[in-house]
Structure formats: C-alpha cells, structure tokens
Amino acid sequence: MGRKGLGWYHGESRAASAALSQKGVGRNMRDILRRSHREDERDAGAGGDLWVRCSKCKELLYRPEHEQNLWVCSKCKHHFRVAAPDRIHITADPGSFEERDADLPPMDPLHFRSGVRTYREKLEQSAAATGSPEAFLYGLARIDDSPCVLGVIEIEFIGGSMGAIVGEKVTRAIETSIATNLPLILFSSSGGARMQEGVVSLMQMAKTLARLDDLGAASVPFVSVMTDPCYGGVTASFAMLGDVNIGEPGAFIGFAGPRVIEQTTRERLPPGAAQSEFLLSHGMLDLVVPRPEMRTMLARLLRIYAARSTAAYGSGEAFLESRSAPPEKVAVGA
Amino acid sequence: MELEWEGPVRQLDGEIANIRRVNPDDDRIKSLEEDREARLRDLYQELSPWQTVQVARHRDRPYLLDYIKWMFTDFVEVHGDRRFGDDRAILGGPALLDGTPLMVIGHQKGRDTASNLMHNFGMPNPEGYRKAIRLFRHAEKLGLPVLTLVDTPGANPSLPAEERGQAQAIAESIAVMLSLRVPTICVVTGEGGSGGALAIAVADRLAMLQYSILTVASPEAAASILWRDASQAPEAAAVMRITGPELVELGIVDSLIPEPPGGAHRDHAGAARLLREHVLAMLEELRGEDVEDLIRKRHDKYRNIGRP
Amino acid sequence: MGRKGLGWYHGESRAASAALSQKGVGRNMRDILRRSHREDERDAGAGGDLWVRCSKCKELLYRPEHEQNLWVCSKCKHHFRVAAPDRIHITADPGSFEERDADLPPMDPLHFRSGVRTYREKLEQSAAATGSPEAFLYGLARIDDSPCVLGVIEIEFIGGSMGAIVGEKVTRAIETSIATNLPLILFSSSGGARMQEGVVSLMQMAKTLARLDDLGAASVPFVSVMTDPCYGGVTASFAMLGDVNIGEPGAFIGFAGPRVIEQTTRERLPPGAAQSEFLLSHGMLDLVVPRPEMRTMLARLLRIYAARSTAAYGSGEAFLESRSAPPEKVAVGA
Amino acid sequence: MELEWEGPVRQLDGEIANIRRVNPDDDRIKSLEEDREARLRDLYQELSPWQTVQVARHRDRPYLLDYIKWMFTDFVEVHGDRRFGDDRAILGGPALLDGTPLMVIGHQKGRDTASNLMHNFGMPNPEGYRKAIRLFRHAEKLGLPVLTLVDTPGANPSLPAEERGQAQAIAESIAVMLSLRVPTICVVTGEGGSGGALAIAVADRLAMLQYSILTVASPEAAASILWRDASQAPEAAAVMRITGPELVELGIVDSLIPEPPGGAHRDHAGAARLLREHVLAMLEELRGEDVEDLIRKRHDKYRNIGRP
C-alpha cells in the first residue's frame, strides 16, 4: 500500500518514476501541472505553453518563472490554484512524501446517471484529466524535517467536491495521524458536496468529524489550510475545525459561495468580502500566510507541537493511553 | 396551498360540501367520504419524489412549535447563544415527554409573511447553531436525552452569516453532537436541507417522517449545479434519493415514521401522536446504554457511511 | 444551623416567629420590607407610610395594593427593587424556606478604614439597616412543591456587593445543591465588588465559579435570575453562567454600569440599552419573566429538571458517582 | 514618561551626561554612576503603593510582545475567537520555552496613539476573552501548559462590549481556566485591573512582578466609589493592598518575581530573563502532577480565599 512519494518529481529518481508508471500507480506530474492552471491560461493565446495570463491583473507571466514563484503572480501577488501533487511538491521535504491509499477506487453509491451520461463516466474523465482517481490524496511527509500526515484536495477533480471516497480518504488521513501520533496537515479547496452522491456525500461531513473528534481525544494537532476556493461541506466540517486555521491570501472561503449569496440577496458583495483577510478579521482564521512563507510557518508549528510529546503535561498522555490505539511504528520518509 | 395532483380529492371535497349544504344527513355523504379517503390513501401510497418534496414543504405541515404543543406536558423555550444573538430559525428548550425530561431543538418555519420573516423561512444563522450547541451542552450536563426535529431549506446564505462564521458554526454543531454524552434522536419532519439540516441531525437514531426529504442540496440547486437549469428540479428529485424509503435502503436513515392519511398537514394532532410514539420507542431502545458504547456506536455509524 | 424559614411571615406562625426572635436569630421582616423601598419612597411625602411614588412614571401607588402587586407599578409595570426576605416570600412556598448560615458573621480581611470610619462600622450600620448580617441569604426551599436551594442577594446591603462572606455564602449555597442534588436558584442584584475588601473581593468571582464547576460535574441544574441592577463581579461570575439565565423586565444587567460606560465613552446610552430585553435579543438571557409569572416559570423548570433523576440517561449518574459526595439526606420543608 | 519622584536620579543622569560630553573618560563618571545605581536601588526599595502603580503603568514597561520576543525560541501568534472577531488587546499562541511547548496568552498595550488604538489600551472586548478560551482549549487538547501574562486597566467598558456579553465572556473564561486539564501559570506583569485581569489570571500558580499591581478596581475608580473623588487615588492605593508583597501576605499571590534595578522599564531583556527563570521554575514544580490533583488543588485554592 502506498507508493514512494513524489521524490522522482524532484528529479531524484526518474527511473523509479518510470517503474512506478509501468505498474500503473505513478502519474505524470508535469501533465497534471499543465492542466491545473488551464482556467488562468485561457487568455494566454498561442504562447500558452510558455506564457500564463494572470486572471486578476491580466499580466502575462513567463511560465518557468511563474513556477519558480510557486504560481503567485509576480505583479499583483494573486495566488493561482495549485494542483494537488504540486502542492505536495512545494510543501513537503524532497522525497519525503509517502502516499497512502493512492489506488482507492471511486464509488457510485446512488448508481447515478445524469441524462445520457453516467457518473461513472464522469469519474473516469476526471481521473484522466487530473491523473488522480479521486479528489483527495494523502500520505506521510516531512516538512523541514518534522514528520506529519499531509493531505490535499484536488480542486480540479469535479470541483474538489467531497463524495464518499474523498470523505473516506480524509478520514483515513485522520486515522493515520491517530495511529502514528503525527500532526495532521490538510490543504482544502472545494466547491462543496458531490451532487452525484446525494446524501451519502452530505454524510461525509459527519464521517470526517467523527474521526476528528477521536484525533482531538488523542491530543494530536490538526492544521487546516484553506485555499481558493473553499466552500460548503468541506468548510463546514473538518476544514474549519483546525487547531490552527490558515488561509492563503485572497482565497474565497465560506459556507455559501459569493454567487449563491448574490443570487439570494440580490446584492453584489463588497470587495474582499468572504476572502481570507475578511475571515481573519472576523475571527475565523488564525493566519493568512502567503504561499512562499507557508512551508516556514508549517515547519514552525510542527516544531512547537513536536516538543509536546516530550513535555508530559496534563491530559495529553492520559487521553492517548485511554482512547487511541497504540502508536503504529513508522519510519517516515526514511 | 393546493397541490395540483390532489385534484381528484379536492373534487370529491367539493361534491361532499355541496351535498352537505343541501342536506347534512344525505346518505351519499358517507360513501363519498369513504371514496375520498380511499383516493387520498391511494395517492399518498405512491407519491413521486417530487410530490414528496411538495408535501414536505407544505405550508400547513406541522412545524416544531406545533409538535411541541401536541407532544409535551411541559416545555420552556430558552433563548440565545450567549455570544451574539437569539436566532428564531432554531428554537429549543427542556421539555417533559411522558414524564421523561429531554432537550428538544429544531428548525422553525413561518406560515405567513410576518412569521416567515421572524423565522427567516427556517434558515438559521450562525447564532442558531450556536444556540443549539449551548442546548446540547446543557442537556449533556444534566443528563437529558436530546431530540432534534429537522425542517429547513438550509442554512441562511448571506454575507452577515458568513461574517459570523456559518461554516464554523455548522461544523462545530456536528462535532458537538458526535461527542455528546447523552442519547440523541433526530427526526426529519419536513425539509432536511443540506448542511443546515445536518448540523442538528447527527444522532444515535435518525428517523424520517413518511413524506419528509433529506437532501445534499435542494432539488432546484442540484439541478442548477448538474444541468445549469433549476427548472429540472423534479428530475433531480427523482435521481438523488431524497425520500425516506430510499434513504433507509441506502442505510443512512434508521426508520420511517408514518403520517396520518393524506399527510401530516391534514392532521397535526395525529402526526404528533405518531411522532411521539416513535420517539418514545427510540428513547426506550437507548435507555440504559453505556455512554462510552453510545459514542463509539455513533462514531462507527457515521464512519461507515460510504466506506468502500 | 439554619432557622425555620419565613413561615411566620406568611402569618402562619407568629408565635414561632416571636420565639425565634427571642433566640436572636429571627428578624422582623416587616421592618426590612419597609426599609427596602425607601429610595422609591422619597417623593412620597407625608403619606409615605401608605403611599409610594413610582420612580419611573411618578404615579402614586397605594402601598397595600402595591405589595399585593409584588411591588410592580400597576400603571407602567416598573419592577421596584425587592428586599431579599421579600423575594423569598414571594418565591418560595409558604413555610418551606429553611435558611442556612444565617448567622455567619461578616469579615474584614484588609482591616479597612476609610477616613475616620472603619469598614467594621459600615458593616454594622448596614446590618442594622437591612436586618441582615451580610448581603446574601440562602437556604432550602420549595417552589410549587419542588424542592430547591434558593439564595438571594440583598441589594440594600452595601449595594449588594460581593465580599468574602457573600462569596462564601454563595459558594455554600452551591455546595448545598451538590450535597442534596437539588437545583440551585439564585436571585442576583449587585453593584459589583466590595471595594473595602480589595482583591479578596475580586477573588470571590473565582471562588464561586470553582464550586459552580463542581455543580456542573454533579449534573445539578442552576437557574440564575438577575434583577435590577446587576453589575460587575457578580454578573461576570456565577450570575451569567446559569443553565438558564432569567432577567426581570427592565433590569439593568451587565459588566460595566451605564454610568461607567457613559463616562468612558462620553455618549448617552440609547433607551433600553443594557436592560433585560436588550440582553435577551443579544443572546445573553434565556427569558425575561415578569415578576408575577416568576414563580410559575421557576416551578415549571424545577418540574422538568426534577424528572431527570429518574430518567437515568447519559453522563449524569456516572458523573454524580465519580465526582460528588453522596447526597446528604434532607427532608426539605417537611 | 518621567516619574516625578525619580528626580534625584534624573539629576545624576544629567550630570553624568554633561561630564561625558566634555570627556567620556572622566574619572568622576564611574563614581557618579555608582551613586546613581545606589540611589535608584534605594528609591525602588521602598516604593509607596502609589509609586508602584506609576511604575506598573509606565509606558516603557515591557509588554506581552516584548516578553515573547525575549523569552521564546519559537512562537506563532494565532488569531480570532471563531465567533465574531480578533481582539488585539489579548494576544496569544503556542510557543517554545527552553524546549518546552506551552500556550502563552496575555494582554497587550500600546506605547503611542496608533498602537494604543490598535490594542485599545490593553482593554479587551468579549472577543479577547473568547479567543483566550479557545486557546485554553487548544492547550488542553494538546497537553500544553498555559502561561498568562496580565497587564490591563480592565475590560473595555462600552455598549458594544456589553452587547456581545462582556460579563458572560469574563465569567466563562474564569470557569474554563478553573477546569483546565493542564497546568496553568499566571504572572501579573503590570496592571492587573479587576475582572478584566482575573478573566485570564485564575491559575495553579499566581506570581507578580515586583512592581506590578493587582486591584479589584483601579485606585481612581475605588476612590470614586469610596469617597466620590477620583483624585484620592493615591490614598486608595495606600489602603487597598494592591502590591505584590501585600498580596503575598494576604495569601492570594504565590510569589514575587524581582525586576532589574530601577524597574523592568529600564531593562526589557533583564526583566524577561528574570521572568523566564521564574516561569521555568514554576513549570518544574508542576511537572508530573496528576491532572485530577491539579484541578482539585486549584479549586481548593480559590475556594479558600476569604473563608471564615
């Protein structure tokens, strides 16, 4: 179970990558990367391969440089959306990511069809387009040498919506944190629930929170990072209940999206409303962290929390003993 | 509020009324009434999902305060979230049900413009969920079982609601329900709309009234998202499995509670009596359960929804 | 310990009253009653004994009728302040009140003197004026036959301020509830902390809340009723943490009083601000209950909560067993 | 900000500066400096309560963020109460103290108009206390000891603060501290003003910096209440027992933390070093204490203040 990280993507092990690809479990990260920004690229015209247009300030950006800038516009600091594997690449230490449950197949609990097309077909198309079988991936990782469990929602996979398998994998990420006693870091970006899975999708909110409650009882920290856009059942469940809630600058975060609010209230939202900085000032976020500083911030939090296990204060240990399974022995990224 | 497909029944209603006006003792009345009952029963035996949506949203359907009036011998509505305000779309308080004290919490809709404005059409703001959380804690402290009645189009989508953390409030309410150290029962009595419903619906027992619905998004919203056409709501209702029988089949809902013939909106007292019996039976099932077992089972139940 | 209720005040046992008076533990409740409304009476002029002027609408009210109306103005429904023994009289079932710690003497932890006058002297004067040795009295009672622990702050005693003995007696009222497993009902009305006891007074906030935490752990209900005025350390400790918070209509309730706020912000408060109805609409109170309905409401709450002990649900019993002493056997008002 | 009664020291400061301007190596400088040190030490050895008030309120006194800068190797300030806003008069977050992770929370004052407006002169709104409550729970969940630093004139007296439940927030914060399942340490570093201070000061260990104060009401407010004359604040300070030594004698405060010669405002780094040592010693005392014992002792400690 699990494949050996994204190390090959860092140019360390292209042979391994090829080997994994042959086994059908690897994906071409470059391809994913290219596809992941296509909305921003629409205006880029013929030079689309080398140039990207910023959807906010309309500046044309040179792609290699733009990638170096972690897909943050060099002119206006607009944070472009990032594909899930790229997020792991720019967050985890090189070679440290060990994916888990990479091959968990999608589910179709309602046997849903919409007109002539089945949901199964849509899932297959999304998998082909993103290189991922579902909208969430997770695994063990290190950030500046501190071990953690790291998970990311793939917004490009049916809008990052949470169906049974996204809920299942988020839950398994939490369970991995409980079992290993390693802090959990989740990057969330989602349009909300997966319509095609109906109430099964809705119930993933309760499913993930049931295990998050156990994570709390086990005294394991959870850092939730919300990136643009983050709505609905994801925000209204685990994403908003981090011990530390972080937003990327300018990210739209909330229960209802701006379009829904504008349709209901028939008023335009004022500038900045429902974005990260707005949520920070209204007490919902702990921090708004620009992408280039995210790794440093996460590393600092992990460093502080890592020391807690040696401090032996208060309820932590007692809870751990009474409520969680004995820690699984793992050598992370070793 | 007339349901189009109840036409045959309304026609008989008219006939009976006409005859009665001439002669209240006319022999034909009885057989016509029997005919009417039979037709109503037939109609309601095979409601389509979209018809169920219409009944679930019927303006005459009993709401929280109606059930409270019919079900409890004592009730005190308490107010406020102790942080910001008192939401009128979620109400609750301690109550006595057949001698058993419990905490009842639910959505409240209005029937006319004034009461709909007051209760915001049953769409709670964050204060509503935070009031619910406070009442959950109150119940937990005093060892009272919790009964929630769900009937909402969804949480209020507005900028002020976002400002005060609609998502946070819903998430916290679900989390608190999951860890509550008392037995919890939820009954969907009308519209169980999305996260705004789920926030107070995570319970040891989840039941639905016969003609209620539980949805991930309203059929209109789902049709919008799926086909960019809200008018296809009936089609969305048909494929999304939102009725009680479908959700029992999916293993998400534990049981169905029958409604009086022709739906709860025709007989509030009867609907409340059926609800009351069912709630008492569920309470009896949960009585004496060890708290740790209860929480473990509750966690497992939700853990296993959509498990491959 | 404890003397037999206020039963004699209800005209049931004047002989008993006289007997208790001779033992030096009874007080003349009529005297207290007369003194308790003197501020409202100031304008009453020569007919002061038989007529009372409403401080709000200026109506002259016939005293016997005014007392029948529970000191609520018959014209404008202004709720006059009520002396603590009167409050018990109109709240508890006749003859059911059994006072506890009635004779606990006052304390002077700082050996405080203010100019030529000592705090001891002020305490003695206040005791003489109110007939009570300190600003709080409590005991066992029944309301519509439901047993409870009932306590009342005497606002006329140095502004109902909370010093060591008020804190002590509130704490003992809580302890009595824990020991007897009977719901606690406290009527609070206070200007805040007792200046003459300095930080000892401040710490009574923590003292009362420490036991209130135990009351919660013992699953015993606490109904807090706030009457005009209720400020400072009393509101910011036990009074605001009732399982049910009730206000009397029009009562000023808050942390800082209107005068302090107006002095600080140099703005007049709008009408109704910081009064019961305002607090209700801002989520701080459960109920605003007019005085004539108070007994009925408290009785209903007691009736609901009384049934909890037979229901055997959830954590209540487990907590009781693990954290509180075994219930003291008492026959309340029997 | 000049303290009137420091005149003799300022005079010597002037003399030393004059001589130094002419000849930085002048022999007299050393003896004058020794003289100055001695006078400062003398002055600060017998500060009156009112002088202590002035030092406790000194604008150059180190504030929370100054201590954080000097004391911790890692610190992340976290924000918000998850209900309404982010108060800037109470700040906090997880930090590393000599390898021990803890949660530090405290009042923050400003030094100039802009920063005083931002931090509201160190007077928190309900959001501040609710943020503190959230951080207490965060610490409890993760087993981090809690360190609070107290320096406030009091909670903000304003109608908006009342609207959002200033009293409720303070009461809840005290209650949460009393039941917290981790060790808690509070140090009064400046002005410990009334309920606004107590809200985050209820701890297993309560220490005061040498020249800090803890009051039931500011001396000005107390003089107003007692004598209807705020200008008698010095007299109120004299009789109300608000200084560290007096409160240790009363059994309310556990220990005093010395300040650098002439007060913490003259040497932030030195003050932080002394504070750090003392906090580490208190942490060591509490290490390994059983949680139930800790809570019982904490409850008993407060239960017994002003017990006849």
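The letters A, B, C and D name the chains in turn, as written, and every chain counts its residues from 1.
Note that in this section a residue touches a chain if its C-beta (ideal position, glycine included) is under 8 Å from a C-beta of that chain, and two chains touch if they have at least 3 such contacts.
What you see is a predicted model, and the numbers here were worked out from it, not measured in a lab.
With centres defined by CA atoms alone, the chain at the far end from subunit C is A. In this structure, the chain pairs A-B and B-C differ in their number of contacting C-beta pairs, and the larger number is found at A-B.
Averaged Cα coordinates give subunit A a centre that lies 55 Å from the centre of subunit C. Computed from the mean C-alpha positions, the centre of subunit B lies at a distance of 52 Å from the centre of subunit D. Spacing of subunit A relative to subunit B, judged by their CA centroids, is 34 angstrom. Distance from the subunit B centre to the subunit C centre is 41 Å, each centre being the mean of its Cα atoms. With touch defined as above, residues shared between interfaces to two or more other chains in subunit C number as follows: 282-284.
The set of subunit B residues touching two or more other chains comprises 82-84, 164-165, 168, 172.
Taken together, the touching pairs give a contact graph of some other shape, not a line, ring, star or complete one.
Of all possible chain pairs, the ones that touch are A-B, A-D, B-C, B-D, C-D. Interface of subunit B with subunit A (complex): residues 155, 157-159, 161-168, 170-172, 174-175, 178-179, 194-195, 198-199, 202, 214-217, 222, 225-227, 239-242, 247, 250, 252, 298-299, 302-303, 305-308. Residues of subunit A touching subunit D in their complex: 216, 219, 221, 243-245, 280-287, 297, 300-301, 303-305, 307-308, 310-319.
Residue ranges on subunit B touching subunit C, taken from their complex, read 74, 76, 78-86, 93-96, 99-101, 127, 131, 138, 140-145, 181-183, 286-288, 291, 294. Contact residues on subunit C toward subunit D in their complex (touch as defined above): 104-105, 107, 109-110, 112-115, 163-165, 167-168, 171, 193-207, 209-214, 232-233, 235-241, 253-256, 260-261, 264-265, 269, 273-274, 278, 282-284. Interface residues of subunit D, counted against subunit B in their complex, comprise 82-84, 126, 130, 164-165, 168, 172.
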